[in-house]
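Heads up, the next two complexes both have subunit A, just with different partners, subunit B and then subunit C.
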Partner chain A sequence: MVLQQIINGLASGGIYTLVALGLTLVYGVLKILHIAHAGIYALGAYMALVAYKIYPNIYFAFLFAMATTAVAGYLVQKYLYWPIIDQPRIVPLIASIGLFLALEELYRLIWGPYVIPFPQKFHWKTYTLGNIRLPGADLFVFALSIVFLAILYWIVNKTKVGLAMRAVADDKEVSEASGINSKWTIALSFIIGSALAGAAGLMVGVYYNSIYPTMGDVPAYKSLAVIVVGGMGSIEGTVVAGFGLGLLEALLLGFLPFAFPRDALAFIAMIIFLLIKPEGLFGE
Partner chain B sequence: MKKVVALALVVSLTAGFGWAKPQKAKLKGVKLKGVIKIGFFSPLTGFAAADGLSALRGARLAVEQINKNGGLLGKKVVLVNYDDRVKSSEAVAIARKLVTKDRVIAAVSGSYSGPTRAAAPIFQQFKVPMISAYAVHPEITKAGDYIFRNGFLGTVEGKAMGEVALKFLRAKRIALLVIDNDYGHSLAEGVKMRIRQLGGAKIVYEKTYSIGEKDFTPLLTAARAQKPDLLIATAYYNEAAQIARQVKQMGWKIQILGEEGYDSPKFLELAGDAAEGVIITTNLNRDDLSSITQNFIKNFKTKYNEDPDMVGASSYDAVMLLAKAIKKAHSTNPARIRDALQSLQNEVLATGVLYRFTRGREVVKPVQVQIVKNGEFHYYGIIADPDVVTPPW
Partner chain C sequence: MNYYLTILIYIGINSILALSLNIIVGYAGQISLGHAAFYGIGAYSSALIATKLGVSFWVSLPLAIIITAVVGAILGLPSLRVSEDFLAITTIGINFVVQAVFKYVKFFGGALGVSGIPFPSIGGHRFSLAAFALMTAIFTVISAVVAHLINTSWIGLGLKAVREDELAASSSGVNVYKFKVLAFVLGSALAGLAGSLYAHFMMFITADDFGFPLSIAILSMIVIGGIGTVRGAFLGALLLTIMPELFRPLSDYRMLVYAILLILFMRFLPEGLIGDESIVWKKIRGKA
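Right, the complex of A and B next:
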């Protein structure tokens, strides 16, 4: 049974990781806690609704959602963060929170406060491997997360663009002195991170067949906990912490004898790390 | 610096717009003398919004029909409603407002157990009769003799679920999922009570889960390992939809038994074909041949372009009960209305026949059992055994 819980944990871990990655990428280059990122995540799910009205197809919906959230991410950094980049760091933080709240209300005003089902029904099959049941839905989420992670890994480690991102994250001034256009690099971090969040939002919409305005609430603070535990700005840390959290939640929920509010775990972990290792697992 | 202030102002104003203020029903300029005000509250925003809206619609339909038939005591009935966002603190504030500012002569709660339970003592304190349309928690009516309940007591419905489980579905090994709040716990208590009374079955897995949980797979996996032949899951429509879907996603072919929390078009919508075959205990029989029920269903569908559900029907009935009481008392005096309400008997309502109110102001009426067939709720059975449906007080 433990193996069974692990499969489920890997799927939710995949989602947490995808969302938290955007947060960590942004923190890495801008040292800003981009709380509004969770609003972009929810946008991904809502854009699926829009996409299906244009052309009812899941692949198109993915492309559409990721494209729109990428653009949204670009706009956020250009018009919200850049103008206040030299202000004390509390200013962009508050602006980000305000934007997040405003986005939630915007979704509520446009699409209503109710939970909306995903516009396409999926019929998942359950595969059996010996004693273990592999639900198609979990496999889908996990596999897709791995695919995105692989792409991200390739971008960050094997391309010039990725090199620039890592350089700017390390030291912005020196990178600029070396000829890197930090403005564009930062924009790109937002674009990539937001596209990932948009994909995650859409996957969650599919998995739970639910799209609603406050769906970004829990991912907002959970991804924060993930990057604190993993190390703010560290991609490896985020991956480890994201999947770790998903697994731990599934195992505890399955085995603890009392009603365990799974969201509490992320916070407990965050508090523990802040107390004993505030820079996180892989942070510095 | 100025730019920052401006930006901060803009963002905070935008965010501030978001905080919803309680919605006040439009009172078309009627003079106080010619109007009877009935208070109403239900969640119109938040996770329970679909239920709250349905409840409000039911209440409004009732008011509309009452007024079409000449109003009450020659006066027009006005529904004064607020959004309690399913928060107890809001419900208390709303109760005070309805009683002291709006001066309603009676009220209906179209909300969940938490808020209703918090608001009831306020209505009792000011001696304003209040009917809980469907909230199940026992403490609600214990607030005092002005508080009535139109729906089922949690323990009564729970016992009915136990009855369905053992007598209709012949279950022997039961997995029980309990939602962690007033609602879930009172239902679970009833289920276990009836299972003990009837004997012959045991609970092989029991787990309480937090409201708002979306991913039940860990719990369902653990439950499945105990090889139950029935899954009883107390839930509201969001959780119920996820439970049904995830059971199907896991490839687990087990009968699911739910309760009135599932009774919503939202459950059918979100669960999709995973809802097929789910059985629930509830307070509305869509196949009831009674003209009162069928007319209610027809009128609701016509006016709102949506199928009514249990909360809509219950709120409709609650308002109708108040109207009957006011007519019987032939007065707007709260004490007289209260007495008239207490004395009502054999009333045919949209949700079935109300035999009477007990001294504890709980209803004595049969529990409906419905099944999802072809994406709709239909008659499956009815529980009228006095052993089960008579409230303990």
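Right, the complex of A and C next:
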């Protein structure tokens, strides 16, 4: 029973981590709270719908969703954030919230306010290990998020692009002085982060078999709590906090004897955590 | 007529909310994305005091203001520990947690909310709608005067010192902790006033009235009007209250228009319509 909950928690933790990692990347290089990131995540799910109209194949849907969200992320940073980057922090923050609202409204107007099922039915097998049941959908989501995490880890830590991203996150002026094109590095962080969000959106669409305009709401708030606990800009911290939140939710919801607001839980955990360690898990 | 009076009352309540958030965000520079929580605490305090103790609006109003101010001081404490973006997210968190408490704890009426909140009356005579509008107008003017006095007094100077540079402020003898908490106390007290007015006007409240989108709307009011100024808070509250009414024919596109306006404002006029640094305001001043 406990193991069952843990597997559940790892699956949702994987999704939280993927969404929050995009935020972390963006926050690292641009120091902006990119609330509209969750709008990009929902875009990933809707783009999967579009992909299925063109060519009904799950791999194509993944590619299509990630490519379109990457382009969306690029446009957002270029035309919305970059021009107002020197304004007081509240300005990009509100612009981001405005964009999030606008995106959700657009999805509602284009695809309607109702829940759309994912266009392909997956017949998940349930594996058994001793007397633990391992639902195939959970395994799929968990495994896929590990794959994405590994790719991201490789990009950030083993490539020149990743080095530039870390340098810009550390000190934009100094890295520019040492010949790093910070504008392009920031754009790339958005592109990678948004593609991850797009993949996460598609995965959630598959996992819950539902796509709807406000599907980004809950991940938006939760991923904020995750990056705060992770230490704002720390990739390791985000991974630990993302999976930690998934596990905490699954365990508490499985065993608490009373009804509990699932969405407030992330914030309660965050506030308690901040009172103990205000700089987050891996923050400076 | 009743329609216009109701709109007028909403404008008044929203102006008080904008003025109150302006003290926290505009004067003291503490980003708060959870102001609806304080509004809700004011409304729930007033509603519960009036319905459970059976007292009148005139008793529940001051009590609600005091309770909201005290809770504001407690919930403002994180601002001492965390900074800027951390605080922004923490205040979102506070909004969600407060709303969840209202919704899930039976004492606060749970999902059903609180009903049967008495409409204000004097000597057994129930207020007319016009009388309520007049009272709201008076409270709005009082709030504006209070906000103006805060802004121009030593408190305002201290708050602005904290906003501009915490380190410099504290090294020139400004007690940063004291002023941050003070900003949350003053801002929350006014939000409590607005909440109490709302509760006794609607006579029925639920947790859904005080969600995160409302916090965004209040913040948008002061940013669109011109942050840190009393006139800006008024204009923002006026515009954002009237706009949905004007856009009623657009019905389905209303939220989209609002969201796009928000983006355009941040992109092209981040100083707000009549903020101190706004081009529009400078032109008006230049001609006068």
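One rule holds for everything that comes next: the second predicted complex is superposed on the first by the 284 of 284 C-alpha atoms of A that agree within 3 Å, B and C clash if a C-alpha of one lies under 4 Å from a C-alpha of the other, contacts with A are read in each partner's own complex, and residues count from 1 in each chain.
Rule of thumb we're sticking to: contacts are C-beta pairs under 8 Å (C-beta built on N, C-alpha and C of every residue); 3 or more make two chains touch, one makes a residue touch a chain.
Predicted model only: the values in this text are computed from it and were never measured.
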Contacts of A:138 with subunit B and subunit C, given as first, second, both or neither: first
Partner chain in contact with A:55 - subunit B first, subunit C second, else both or neither: neither
Which superposed partner A:261 touches (first subunit B, second subunit C, both, neither): both
Subunit B versus subunit C as contact partner of A:184, first or second or both or neither: neither
Which of subunit B and subunit C A:209 touches, first, second, both or neither: first
Partner chain(s) touched by A:89 [first = subunit B, second = subunit C, both, neither]: second
Contacts of A:224 with subunit B and subunit C, given as first, second, both or neither: second
First, second, both or neither for A:154, with subunit B first and subunit C second: neither
Which superposed partner A:102 touches (first subunit B, second subunit C, both, neither): both
Shared subunit A contacts, counted only where both subunit B and subunit C touch the same residue: 83-84, 87, 91, 94-95, 97-99, 101-102, 105, 259-261
Partner subunit C, residues of subunit A touching it in the complex: 27, 31, 33, 80, 83-84, 87-95, 97-99, 101-102, 105-106, 109, 221, 224-225, 227-228, 232, 259-261, 263-264, 267-268, 270-271, 274-275, 278, 280
Residue ranges of subunit A touching subunit B (in the complex, touch as defined): 1, 4-5, 8-9, 12, 83-84, 87, 91, 94-95, 97-99, 101-102, 104-105, 108, 113-115, 117, 121, 124-126, 133, 135-138, 208-210, 249-251, 253-255, 257-262
Complex contact set, residues of subunit B against subunit A: 3-4, 7-8, 11-12, 14-15, 17-18, 44-47, 49-50, 178, 180, 207-210, 213-215, 217-219, 221-222, 225, 238, 241-242, 245, 249-251, 266, 269-273
Residues of subunit C that touch subunit A when the two form their complex: 25, 31, 33, 78, 81-82, 84-86, 88-90, 92-94, 96-97, 99-100, 103-104, 212, 216, 219-220, 223, 227, 252-253, 255-256, 258-263, 266-267, 270
